[in-house]
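In the two complexes that follow, chain A is the common piece, with chain B as its partner first and chain C second.
And now, the complex of A and B:
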């Protein structure tokens, strides 16, 4: 059974000019021990998807659909049960570790709090465990780190602390929201390696949100590409790179700078990203898609599953061969 | 920490020195002269007037008189009251307890009611929040003198619960006598503190570290206490400090209204009678209290916020 299953999750937030849709029916599943990458442009709904799992969506948001964690719908939990699930089954790693820790409290308090106050462990055991964890995430001077205040540590150190806190309770599912974006490049890879190692050791599942397709490919077992509040393609990294099935994925791959070939101008996807609430009927990407046809803007386009991959494109079958070989820029030319 | 306190005390001494000059000078710029008060409108011969001026050293140059006064103050001699011929230091000493009791009582009310109301309003929201906002607007808008009269007429005259005037003696009697004055004195400050506290709590409630703590399954009560209220106390400490320091000055109105024999009432009388020595001494005490309270607030600030480094580089 899946650790997590999202079934047609929709989310809208109140806005003076009527509710604004941010998620337009997200469905995905994460198997035990699996790492699922969630990639897409800013505002495509990646973080919001995570927040519906943790139930930390903005105040007043309307959420529909089911979020099953080990078969239990998280959306229907009462306050006490929700707190238990958050303490025991889920863990979040956010983008900015500096904002995640209370600036007035020591690191030790942050680590111990997640075990003591949230899970009910006793303080001595929790402190010992916190120290072990810090050592495991590669912190050399554990004493100094435990007694430090957040402002005394670097961003990389702090993110290690956050990772230690996240894996402390061996949760079922890690929710990592761009955990390395706020760090500098050399620290990024270290922190990423530590996160991956900790996760694998404990056999935890993970949803990894990023806009870095390469990073997601390196870390994740499967990748879901999001666009305008819905998933347009799910695939393994290898297949996604070799034969993307959705035009958006193809163009996303093309617009990465290559390490080997020097391109005079980096190809960009024409047009601008569309917000979920701006989408009318049909395919959300149709307006920017070089392969779009008049039929693309009619009706709802379903996410068609095919084994462990899925794609949401009206011309999926016709384009399969073309997308695997041609690049988007050639198609427009 | 020690170095910080010592440095701040030094700064306070400089402030006091500077303000002593301003205070001393201001009395001479104000209309009316002390000798005209001393003769109380009687017609006296120029010789008598001259002897009075000589006796009080009023003919010396300004800076010389200032110097005499300053050296006196530094040796604990605050001079002699022009009107009562009493030693100013002992006059002040006899008045200080009432004012200390009054302001301490009012400060307690500000902290307890202002901070608690603000925290409750910020955490709970809803109807309670509206009630606190409304109450604080009223509390802030009512002038202290009017509040004093209103409290007196309702609780002393009509209901007879509290005495109308006097400071009382002994602990419980003092509390009984000072309750209404303290409430009148604390009202506007408590209103401001409640409002600032509420805003600080609401802002802190929306920070990421608070939602992270909740998302980790830390119970709401713990998050409220450890993360929201504690962090919100930073701005609250500042505003409470400023308001408590200002109480000493605000006490003059209340002491006058409730005919309490405190330092404030002493100041009002002394100003009316151009009693130089007393006015200067009281003003100096006010400045000193303000400085000390602010120092205490700064130290408290560093205790609450580890990011504040007292004493610069090596603290």
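And now, the complex of A and C:
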């Protein structure tokens, strides 16, 4: 059974000019021990999807659809049950580690308090476990880190402290929302390696939200590409790179400059990313898609599943061959 | 002092000053002959010449007082019409370099020669204005650099009036022209920043910088906050503008893929020093300094895996 299953999750927030849709029917599943990447540009709904799992969506939001965590719908939980699920089954790592820590408490207090709370450890056991955890996330000087206040530590150190706290209880599912976006590239590599290693050792599932397709590909088993509040393609990283099935995925791969070769002109996606509430009928990407046809703007285009991949494109079969080749000038790169 | 790249001590310093791989002008697009509209010209075809730049910041008080060398003897030149990328992570000094260059910060030591004119360390008002005509800056976050109560048109015409005394109907015409050059419509002149997307706001910031008709654009992580699809548009736009207007760029970024795409030359900075420099192809294809190699190996790309280095965190703790 899946650890997490989202079934046609829709979300709208109140706005002076009528409700604004942010999610237009997101369905996905995460298997035990699996890492799923949610990739998309800003406003595509990837963070909002995570928030429906944690039940931390904006105040007044209307949410429809089911969010099943180990078969139980978290949308229907009462306050006490919800607290327990959040404490035992879920852990969240956000972009800004400083938001997760109290600036007035030393790291030791933060970790030990959390462990006593969640596991019922006594203080001495919790302290020993906290020290072990810090060592596991690659902190060399554990004493110094334990005695530091958050402002005395760098962003990379703090994010490791947050990872230590998140994995401490071996929750079923880690929710990571751009955990390395604020970090330097060399620190990002380090923090991602630690997150990946800790997750695998403890057999945890993960949803990894990022705008960076390459980063997601490196640590995820499957990638879901989001656009305008819905999933447009799901695939393994290898197949996504070798033969993307949705035009948006193809163009997203091509428009990123390459580390190894310079393009005379970068292939671009015309226009700007549209918000979910701006989408009319048909395909949300049709307005920017070089392959769109009149039929693309009619009706609702379903996410068609085919084994472990899925794609939401009206012309999927016709375009399969063409999309497998880069649109850019350097198809071999 | 905790050097988290193994075996670099000494090597860094030796290379930094000497610049053994300095290949200024090589591979550049039209490094010679292109004298700017001001007629001032750069000596030897260099629009920017920086030598021995030092800047020290003091933080904390009493016993917690510490000094940080944001720039430690930094020298570089940028050929007229070329693009020099400055790469580094936080604390490398790359932004301090940019801020000194455009006059937002004063150096403790060293010399800056801009378009053949030495820049005074504490310039007078008129000198500052002349410098602003020569060199303009585009920041990472257009939300911070644009006044949110000012329309795009008025942000641009303010610069036109300040530097070229262009006002009225002529200013409106120039604003429309500039907006079109950055891929916006004349109607965008009436938009407030809040009504524009992130990419559109950055285009307005670029149009405003161009309004001064500078010879040099300093771009400080100017595409870092943009979505991938919008980033490609803005990178193409910046290449086009540089070619059409014969501009010189100093492009500050942490992203080596962007370096590859935009620049002919690159300097790699770390903790206030230049650790490697050379043509972009040379430095990215065959990096000589361990830190450049670490940067390159840390960049996600197809087939990449994150790696865990041992004992790196010691350098990250702020005492």
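Criterion: the second predicted complex is superposed on the first by the 322 of 333 C-alpha atoms of A that agree within 3 Å, B and C clash if a C-alpha of one lies under 4 Å from a C-alpha of the other, contacts with A are read in each partner's own complex, and residues count from 1 in each chain.
The definition used in the following text is that contacts are C-beta pairs under 8 Å (C-beta built on N, C-alpha and C of every residue); 3 or more make two chains touch, one makes a residue touch a chain.
Computed from a predicted model, the values in this text were never measured in an experiment.
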Touched partner set for A:272, first chain B, second chain C, both or neither: second
Touching partner for A:132 - first (chain B), second (chain C), both, neither: neither
Contacts of A:91 with chain B and chain C, given as first, second, both or neither: first
Contacts of A:165 with chain B and chain C, given as first, second, both or neither: first
Which of chain B and chain C A:101 touches, first, second, both or neither: first
Chain B or chain C, by number of chain A residues touched: C
For the chain A and chain B complex, residues of the former touching the latter: 54, 56, 83-88, 90-92, 94, 96, 99-106, 113-114, 117-119, 149, 151, 165
Residue ranges of chain B touching chain A (in the complex, touch as defined): 207-209, 211-219, 222, 226-227, 230-231, 304-307
Residue ranges of chain C in contact with chain A within the complex: 89-90, 197-200, 227-233, 235-236, 239, 254-258, 260-261, 284, 294-302, 304-314, 316-318
Residue numbers on chain A that touch chain C, as the complex places them: 41-42, 138-141, 144-145, 148, 152-154, 156-157, 160, 184-194, 196-197, 211-215, 217-219, 241, 251-252, 255-263, 265-269, 272-273
